[in-house]
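Let me begin by handing over the structure; questions about it come next.
Chain lettering (A, B, C and D) follows the sequence in which the chains are written, and residue indices restart at 1 in each chain.
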């Protein structure tokens, strides 16, 4: 368990606000994209998973700290790593850094995302399919 | 037919981009909010409608012209009006103006939105329920 | 200090995702709108403030818990309250509930938002203007 | 002039709505990302351009037709091509298709985007820098 997964994100106009920087809510989008690609790298496609099991992941908690702002055209890297893995939920640590051309990278935003498993029809918490737990354990 | 419906929109941080102005794609969101409230003013709730009929509106075409930019804290008014009403689709004219405190209003963005009716399961075009056409005709 | 401020939010298509519920990142947008209106209710307009002082608020931390999902057409209420007020930052508690027609309200999402004051040009933390602290103290 | 530029886009949760499909306004975001990468492929970075010239591109008109919906996990390709190039504006044709694993691609959405050049301070239309026109002419 616990190999880190890195995913690059380019900052576009849609991501910025009138402060000239990335709108802080958008880091949750960046982190979601990185989690989706991390799952995909493990062979897990969420739409297919839902069709097959009737269940889906939902975010149950987020805690983020913002250190430095990102700007238009910046290239970010999102690191994703399992912090804790249970039977009905998992917690991920995610970190956004800016890849600087000729300087050390800059820490922009980091935090943890708690994710639960629910049946999609009722939105009730339930245990993750064993196959998923297995995949996550060996990630 | 064809009474205009006005809906106010305040510009928040989320709506702006690093150019210091409202991101142009967000006018489609403003227009959608105004259409939803227009339908609501006619007694039509889309979620309930879908549960009852199995159908839903989908946007099939948009054509917008951008005249002046809006900025943080601006108060906009969105005017919505039926341009054309068929059996399986309708076209709305929508106009965003800025309400200025002591000057005439400013035209920001206007255009037309073409909307079709589909069955939600297959996403196939079909005829609007007669009750809906009736409501729209007398709006 | 510490009067609560309530702001209503309607859930539109733009707020939902393919899970059929409000996309969790969007609560940060709802909370931001509510904070903006709370400041406005205290006579503080952020664009004008920036023009006048060269400074602006930035979010430095967010911690949210998601309890129940919201859906299209739901009417939410966002409650905003100061939790802690310093010289260079403040922390707000914000709570989203669904206003149910004939049942008690439902708790959807709550958490705290930490906000700092920076000079807009350098994005460096600095002390809030005394006039702002004064307004917040007596809110 | 007029080489087409292709850019891939993955559909994430943030892009979808409660209809289970990509929210139509988001194609404007996809098209913007593709335009940014197209400009980048020509050596043009918009933030740097603005710092250097004081000007920036703004979208002045959009006209889109929606043919088929996209869904979570779909892989899209955005094709970008110059339709018309003037001294103060250009029009691009942009097309989104879904890359299907074992079938021909599906046309999802296409349309044209009209872009003007403005000085960023006043937001007044002006002529594009000759160097930019030159780059676009030979793209």
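FYI, contacts are C-beta pairs under 8 Å (C-beta built on N, C-alpha and C of every residue); 3 or more make two chains touch, one makes a residue touch a chain.
Everything numeric in this text was worked out from a predicted model, so none of it was measured.
Compared with subunit C, the chain whose C-alpha mean position is the greatest distance off is D.
Ranking A-D and A-C by contacting C-beta pairs places A-C first.
With centres set at the average Cα position, the gap from subunit A to subunit C is 23 Å. Chain geometry summary: the mean Cα position of subunit A and that of subunit D are 26 Å apart. Each of the following residues of subunit B touches two or more other chains: 13-14, 18-19, 21, 25, 29, 32, 47, 71-72.
Every residue of subunit D that touches subunit C in the complex is listed here, in rising order: 13-14, 16-21, 23, 25, 71-72. Against subunit B, in their complex, subunit D makes its touches with residues 18-19, 21, 24-26, 28-29, 32, 47, 56, 58-66, 68-69, 120, 123.
Contact residues of subunit D toward subunit A in the complex are 10, 12-14, 29, 32-33, 36-37, 45-48, 71-73.
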